[in-house]
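Both of the next two complexes hold chain A, though its partner changes from chain B to chain C.
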Partner chain A sequence: MFLKKLWWKLLGAALILIVLNRGLLTPLKHGIVDLSPTRSQAGATAIFEVFAYNSHYDRDPGSVRAYLRPHRPASPHREGDLLLAASTVDVRSATHLRLKFDLPAFLPDPQKLAAFTLIVDSPGDGPAVLPGKLIIGQDSIQVEEGIRAWTSRGSPEFSEWRKHWFPYRNILVETIRNTFFHVSLWFAMFLLLALSVYYSFRYLRQPLVDFDLRAFALVRTAMLFGLLGCLTGSLWARYTWETWWTTDIKLNMAALTLLIYLAYWVLRLSIEDPDRRRRISAAYNAFALATVIPLIFVLPRLTDSLHPGSGGNPAIGADDMDNALRMIFYPSVVGFMLLGLWMASLLYRVDRVEIRLDEGENIF
Partner chain B sequence: MQFMQLVRKEILAEWRNPSQLGGLFSFLAGVCFLCYFFSGDVHPAQWNLLFWIVYLFLCFFASARMYEEDNIRYRIYTSQLVRPLMLFSAKLGYLWGLLLLLSGVLLTLLGALLPVPGTGGLAWLVLLALVSAGFACLGCFTSLLSSYGQSRQMLVIVISLPLCFPLLGSAYAASLELLTGGEAWLTKLIPVLAIDLLALAMATILLPLSWKA
Partner chain C sequence: MGTFLLTGIRAMTWLISATSPHEPADFMRQTGKIYVVYGVLSLIFIGIVTFLILLERRISKLEKKSDHEQS
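Moving on to the complex of A and B:
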């Protein structure tokens, strides 16, 4: 009986602990931070300095391999074939390589300048990719000759990924872990707001104090989650966009959502009669959610945004998010939702006790 | 019939106390002159911003008065004579007309003092009619809610300002398209219409529930 009431709280706490543990302690896969120089010429012998993150090249220096591949191949069906291996791989340290490529005289591209992707494969770390950073120029264009020269003799076998490590993404780097907190907090906030509207409607149909207390507790918890979502977003923006706040539409619409619920609080404080306060704030709460929907889900889609899912940025669809991230992300969403419900239920119980004490009831 | 009588009552009440309407028009003229005096030549985007900011203030001032005379005793009396939804519809209709008039004057005055191309025509009329309908609905509803609280005028602004943003944002995008000669203004009116309908539907559902004491 005791566990029957407790199971969802225990599940929420367990999920949050798992998210904190795995989300913060799982390392990132190895990635290429920088390449220098970033321009070269077809027909030349090019030497590149490569700096990596979370790599262990010095463990088995003889097995590290590097390749160049056209970033956007002229004929897509040949993508897998067009690969140029580095003639020399000089391991300078665990995170530093010096690569030598004998670039063919022609590129497999009909343009004078073409972008190339660097792939570094290390047995301990798996492959790492730096897409489109290297630009190679050519004096004359002979695509067929280029394709012949860039076609690899036999396809190389890459080392195995560390499947459960998080992906390395340039710009995001370690902040990719914030996905588990920033996004989950917003998802949980919407669930709490939707539930509060449900209780507001129930109060409007059947004016029981309990419904209003539940709605108010859910709104307060949702506001806390929204505030934390804003703070984690701002911190993330500082590291990835180099600013604490931008004019990004989703960011500002989210801040407006908080303002709407701040106004809800002001409205509650300004009405003295408790019955009227409950009824009016329930009506405002329902009306507010109807405004929040276009604010968060419609308006940001009509314009470009730096956020995922808008302006051509990837979201959390099937092809956008790494499976290792999903393993933590989904539990974190459920965990924060359950935690929010737990917090709201505590606030509700405190309010209920206060009302009973005000009425002079002996609760002990 | 009853609807028309209630709208007439609103117009009569306004007519018998002309200082409030006069104040709104004075504010409008004064702000337009200030914009002209301090702005000089303006870019269409700046003109657009000025227009909607002044419009927003006009909306607040106009809608904050909607349930002003409605103290609790008077409300009980009124609710026995007419259905709350009918009274709300009449106030909404009156406020819509008032906002349309104010926005038309604002458009003419600001367009004359700070001329930019693309301020006029049927497209603007359609836009202002739709935006005014949405603002009238939001204004009437928040005015009703705040009429139960203390310091009503301030409360109307506090609770309606964040609610107005989706509508204001959509209206701003559509009017900027008109000012810059873009073709997509009609497409950009769709969110305005959607928000209008959403606000109207929510007000219609919630009004009978929030009215009862």
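Moving on to the complex of A and C:
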């Protein structure tokens, strides 16, 4: 029997161990935390203090390079060409740079104010980008002159990306690793709920107590995962969105989901007659999932949400996840799903033995 | 005593203000907020242990019942 086989439980445990190992020990790429000042004037000699995270600039101070690039290029095909190298790069410490730029008199932009992106490249750490933080102003506008002054002489060579390292994101920083735990819990919860609806349908077609027990065990495990998903998300939000709970649509819909399944549990407890209880709760379970899918998958995509993927597909779309994260995220989803199935199978087996002892006969 | 406490508080605020603006004073925000990941993992572990405790209580009940039926 599949439930009592050991291999898939060990597989789940091994996957979670690999995820813990790789997910916690893989370093982040270096990133630019802050730049000051963030305003400057065309034609000036500008000095910027740059603070970075996870960088090792002092290892090879001579080969650290810094560049400015228009955040929105004047014309799209010129994007690669427009680049201004720092005239001096002063490495103050492993994470602190002092940059000097001789800004040309005109900007390659038809506006008085234009946003610029800072790129810092260091051979040991790879390139890092701070997009659009720096605003440079100009008094008179001469776009062609600006483009000529900003066109780089010879294309600069960037050092290689650390492909398997996790991306640096301001605000998130190391908490990007929570993707493997918080998000996987929700994915696993949905698999468990879908499976429980499958057993509920089988019960409705063929009223065997066994199917009902399986569905109920799966729902309870899914509720534990959902509760943990809420708690871990709340902790994560406290240190990134600066609040335990927001009115973000996905949060409230997730809480509603838990309430819907709490109602399922209460419904089961409130019906005395076992046959009626099993039939009604099987039907309720099917409707519950049919309600939850639009709540969690459809509504947050239609409105604005703090979660990734409002108006798109999170976790699968290219914007929200990079390949280094994906390599750990997918094994983690499978690992948590197998762990959930294992926990549900234990609950189901205890329920089965309990009923057998209560009724004093084999009803299966 | 009061002046002692005041000096202490002054020393504390001086220490906090003396740290770099890019190294937050809050414990959970140190080292790139890695302790938030630690907190999330602890919560999941607590959840699994709670599950085990509840399961064990039910198994104990079953054991008692089956012992009773055997005798």
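In this section, the second predicted complex is superposed on the first by the 346 of 364 C-alpha atoms of A that agree within 3 Å, B and C clash if a C-alpha of one lies under 4 Å from a C-alpha of the other, contacts with A are read in each partner's own complex, and residues count from 1 in each chain.
Convention: a residue touches a chain if its C-beta (ideal position, glycine included) is under 8 Å from a C-beta of that chain, and two chains touch if they have at least 3 such contacts.
Bear in mind that the values here come from a model prediction, so they are computed numbers and not experimental data.
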item: Touched partner set for A:282, first chain B, second chain C, both or neither; value: first
item: Touching partner for A:51 - first (chain B), second (chain C), both, neither; value: second
item: Chain B versus chain C as contact partner of A:141, first or second or both or neither; value: neither
item: First, second, both or neither for A:270, with chain B first and chain C second; value: first
item: Partner chain(s) touched by A:239 [first = chain B, second = chain C, both, neither]; value: second
item: Which of chain B and chain C A:306 touches, first, second, both or neither; value: neither
item: Partner chain in contact with A:129 - chain B first, chain C second, else both or neither; value: neither
item: Touch list for chain C against partner chain A, complex; value: 22, 28-29, 31-34, 36-37, 39-41, 43-44, 47-48, 51, 55, 58-59, 61-62, 65-66, 69
item: Residues on chain B engaged by chain A in the complex (per definition of touch); value: 141, 145-146, 148-151, 155, 158-159, 161-163, 165-166, 169-170, 173, 188, 191, 194-195, 198-199, 201-203, 205-206, 209-210, 212-213
item: Touching residues (chain side chain A, partner chain B) in the complex; value: 204-205, 253, 256-257, 259-260, 262-264, 266-267, 270-273, 275-276, 279-280, 282-284, 286-288, 290-291, 293-295, 298-299, 302-303
item: In the complex, chain A residues that touch chain C; value: 20, 24, 28, 33-34, 51, 53-54, 172-175, 177-178, 181-182, 185, 224, 227-228, 231-232, 235-236, 238-240, 343, 346-347, 350, 353-354, 357
